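Next come the structures, one after another.
One chain, chain A, links the two complexes that follow: it is found with chain B in the first and with chain C in the second.
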Partner chain A sequence: MGKKAKNRREFIQSGMRMSLGLVVGGLGALSLKHVTKDEWVWQIDPFECTQCGRCATNCVMSPSAVKCIHAYDLCGYCNLCGGYFKPDANKLSTAAENQLCPTAAIQRRYIEKPYFEYVIDEDLCIGCAKCVKGCTSFGNGSLHLQVMHNICLNCNECSIARVCPSHAIKRVKAADAYIVKGDFSKGGKT
Partner chain B sequence: MVKKLIYISFTFTLLLFAWASSGQQRFPKPEFENGYVQPSPVTPEPRAAAMEFFDVIVLLVALSLASYLAVKKRSRQGILWLSVFSVAYFGFYRNGCICSIGAIQNVALAFADPAYAMSITTLFFFLLPIIYSLFFGRVFCAGACPLGAIQDLVIINPISLPRWLRKVLGLLPFIYLGLAVLYAATGTDFIICRYDPFIGIFRMDAEFHMVVLGISFLLMGMFVARPYCRFLCPYGVLLKWMSMFSKWHLSITPSKCIQCKLCTNSCPFDAIDFPTNEKEVISTKSNVRKFLIYAILIPVWVVAGGFIGSKSHTFLSKANPNVYLAELLIAHPELKNDPDNIDVQTFMASGKSLETLVGEAKVIRNEFYIGGWLLGGFIGLVIALTLLNQVIYRKREDYQPNRGDCYSCGRCMDYCPVDR
Partner chain C sequence: MEQKQIRNIVQIILVLTGVVFLFWWLNNDPTDEFTESLPGLDNQGKGDTIVENIIIGEHFKLFSSEYKKLNETWPRFRGSEFDNISKSPVKLKEKFGAEGPDILWSLDLGEGHSGAAIYKGLVYLLDYDEANRADMLRCFSLTDGVELWRRWYNVSVKRNHGMSRTVPAVTDKYIVTIGPRSHVMCVERENGNFKWGIDVEKDYHSEVPFWYTGQCPLIDNGKAIIATGGDALMIAVDCETGEIAWKTPNPKEWKMSHSSIMPFEFGGRRMYVYSAIGGLCGIAADGPDAGTVLWEAPAWTHSVIAPSPVCMPDGRIFLTAGYGAGSMVVQLSENNGVFSVEVLDEYSPRQGLACEQQTPVYLSGHLFGIMPKDGGALRNQLVCVSPSDTKKIIWSSGKEARFGLGPYFIADNKFFILSDDAVLTIIRPSTKKYIPIEQVKIIEDAHDAWAPLAIADGYLVLRDSKRMVCIDMRL
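For the complex of A and B:
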């Protein structure tokens, strides 16, 4: 009697084990259809970005992994830079009171008359997008935000993407981890 | 003077706007005469894909080692050091991401959304612990899971919880699993990752309320051992199902139980099943009647659960940003003129019509309606089966680990006086 009961129990055990194994195997085989070899990372599509400023505050890293980068190909090297100066700047000088950037992360350097170069100190940038807004509204839009992958933890679900009002943050393949603006419209070369 | 300049540039901008949008440069890039070399934008590369595969190998080694230590070597000390390693590597070094618990959501989203493909390493992280559980029990929980390991390391003076409380709280992981799959499949949110209590500790940086939650879980974990694993972890549900029918499993004694009862208080998780007390077994007749009643009630529970789930779909779908925005704009049309509401302003500026948004929201809400039925039905089924399990008596002669609840931590093995 005891032996029989044990046999039955073992039979149920192994039967369930086999069926669970089949379920897991089937699930694995089905998932293979939905699998890529590429790793995914998060990136901002600069053409969708509306510079709301949430990147600076919603990243799990502080300061944010989102920083401004400069697509020099697009820069007009303007003296009156909409990304560098406050709209009510007293003077077009590097004085802190005139700068739009809250952390003075943009360095302005004279090149030749009347052109100036703007370089971003990535260590100081907090990704607030104030300069991006200025450059996009008044200039060529060469300043734009990108997720810096040396800082980004590549969270399973980006906490900025969840609150991004323009759905500009998307998964991209790790092989092409950056969407640097190379042209003025979305369809252009990047 | 400067103001004037800005006004001029502003009008200039407006004038040039049509140009710019057609692919023209507002301010063309100058030709420099002094040999200026243009720098290139800084774009640091992401972590190499090879490193992700290295993580999979580390997981594989950790799982194999945990199986060996729990089932073959019977070494509590070894499992302890393995958990220290897992906390250090998967926790503090890899910042708690990627993890098998969160991978549930990637799998759910990959099946629901054809546009989303998960990476192969994510699939490995999801499947490997499940496969190991099917063969060796919950060895992932024992030493490879950083969340389990950090809780295991803080257990100081565990108290035993009454059975009814364990059973009731034990329903929470099923609800959490169902909700996580529902939210991931509808593309709404990854709630497991967002409300992971320990990730803030691993990263030494998180929102204030998550840090408070993490620390309170650890403080609670000193007395109620592994609170997250036992009463929340959604992945534990899957591992439990596998482990219940595992091929091999940790055993308290290396050979034959001598009924010395030394191990009875060794398990902090109340996962040791005692031998059946013949006196307590209720007479077979009333038991069979109870069993039949509970069995007949299973469909009732499923339908009732599904009904409640489908009724709450409106509430559940509010977490989706599109549904939320559509509802907000319908209920408060005056918000369209609120300059401080970034979501509304961005939506208005995007040129998308309210009808399109409402249409999208309706599709998502419909998904939630179906999902609500499934979720509710699943929870109903779980409750019904839990009840049914209460009237099934299995005859046990020895002290044995409960295969579903045992984390294979190996504490009980040290208490067993039988040598070989």
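For the complex of A and C:
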């Protein structure tokens, strides 16, 4: 028995189905490609950040998904750390009244004369940037803010980015989700 | 069950619940999970037991004695008159053209910020030799950079925002240096022969400031004047013999700062004005009471002070410091030989002229300085103010012309400013407005070009943290 020839109606119907299938399949492939390769996430460019403090108060997460991180290869390991001590602190000791951080999220550890190490306790950090401002003003700028992607909801419209006065919060590719100071290996700025 | 019984049971349950809650409330400490931030949590000071045997001036090496003798000097920190203004008549370039500055020589140094002193064709620098771990006084020929001799002593200095810090004091006969760990050394200028040395930290139970000693020594009338802190506030040492000529007591235990001693003449007395950690003071420089405290101002006290006091002819003294300290203006007065100090103004760095590291320049009755990073919108800008109101900015260099912690001085009526990355900016000094003339990169890939500038006979010597260059600035 010979193959039945398609009439015009059947030809148009099958053509439409094939076109729809191609469109849906293409869209699916495109979205899959986005998710797996080119997903975009929010991140702070530490070289643009002016330490205004809005990251602590404007994030939808509480406490903020923005945390201070420390580029140890940039740090001077100073006794008088502008990121740890209040300006013109009475004494350079770990007493609460001398500390700049409102949540005592920075631990100061003596290494050897004259060096001290400063370690951020991420659970306590609220991203207020007080330490970042102090470190940038008086030190090497090794303390800086980053959006932590294990906390960030990656909102379509970041509520911090909307109020950031220096437009320091940007979309970056998920493959390079952090803009870390002192990252010489990636040709980054220091 | 009757309604009354039910009511009683409910009341008993409520009372019991209330009692349990009250008991819990009274016994529960809502802060018991808090951690107290107490002094000493960093274990500061544990394990410092190494004592070095440092023999100041122990080693010497002569390389050459050939150099071109010249006429002029830049003999110490802030020049011959302590004002950072060259009085040389030599005309200097203000434009470099397409070929750029004429760099005569450049050489590698130990990491640091020590500046050069120049004496009639010779450059003196207290370098830190990282390979030999030594404070090294080096003498170079100004015109070609050839090293003539070096004298050194071994001392362990760890990297802490650089190592070397100071500018030698040079007279016709002597050179006095202070090393990072407060070792004072005096040698004969012409041949580098060792005269004497003092370990200030050890001998005076003093404390080396954060990031090492920044105080530049002073030679005045054949005596080295050093602010020691510890057992003495200030000492005068006879350069020839090394004997202590006088010693100022330090009952208030003021400490050594990075600030340098500024000679000042006011009210018929010569005095040394010094901004210590603890307060400001004026010490008699001569007469039978040399070394005694003429006046003091304990109101000026901050934990880090790098700029030196700017003493003005009418007795006003401008004081400034970084790390959030801001500035203060005091008025020194004299009445029948008795001095008194009045605080005229004190303010934060956002409110007026303030400087973190360099000392402002006083020129044409005005003060010029570069604002610190915490200076608000004016951060890192050069500003001009009147001493009568240092909070009122007459002009600033603008947000497109920011500098850093680098040095600035005046020569041939030109204002030279070196930025952190060794970009040299030349401006026309003016009390009316900022007038830029030229800007040129001097050292490629430069960092922390903070050492004071020096110029003599038209040769400008400057450095970044690791490299020193000499530029022929003559027209």
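Rule of thumb we're sticking to: the second predicted complex is superposed on the first by the 145 of 190 C-alpha atoms of A that agree within 3 Å, B and C clash if a C-alpha of one lies under 4 Å from a C-alpha of the other, contacts with A are read in each partner's own complex, and residues count from 1 in each chain.
Basically, a contact is a pair of C-beta atoms (placed from the backbone, for glycine too) under 8 Å apart; a residue touches a chain by one contact, two chains touch by 3 or more.
Quantities reported herein were computed from a predicted structural model and do not represent experimental measurements.
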item	value
Chain B versus chain C as contact partner of A:S93, first or second or both or neither	second
Partner chain(s) touched by A:L80 [first = chain B, second = chain C, both, neither]	both
Touched partner set for A:A174, first chain B, second chain C, both or neither	first
Touched partner set for A:L22, first chain B, second chain C, both or neither	neither
Partner chain in contact with A:Q146 - chain B first, chain C second, else both or neither	first
Chain B versus chain C, judged by how many residues of chain A each one touches	B
First (chain B), second (chain C), both or neither touched by A:Q13	first
On chain A, positions contacted by chain B and by chain C	76-78, 80, 82, 87-89, 91-92, 112, 115, 137-138
Sites on chain A touched by chain B in the complex	5, 13-14, 16-17, 20-21, 24, 27-28, 30-32, 34-41, 50, 52, 54, 60-62, 69-78, 80, 82, 87-92, 111-112, 115, 117, 119-120, 122, 137-140, 146, 148-150, 152-157, 159, 162, 165-166, 171, 174, 177-178, 180, 183-185, 188
Chain C partner contacts - residues on chain A that touch it in the complex	76-80, 82, 86-89, 91-96, 99, 104, 107-110, 112-116, 136-138
Of chain B, residues touching chain A in the complex	2-3, 5-6, 9-10, 13, 20-30, 32-34, 36, 38-47, 49, 52, 95, 97-98, 102-103, 105-107, 110-111, 114, 116-121, 123, 126-127, 130-131, 134, 189-190, 193-194, 203, 205-206, 241-242, 244-247, 321, 342-343, 345-347, 349-350, 395
Chain C residues touching chain A - in the complex, by the definition given at the top	35-48, 158, 160-161, 210-211, 302-304, 322-325, 356, 372-374
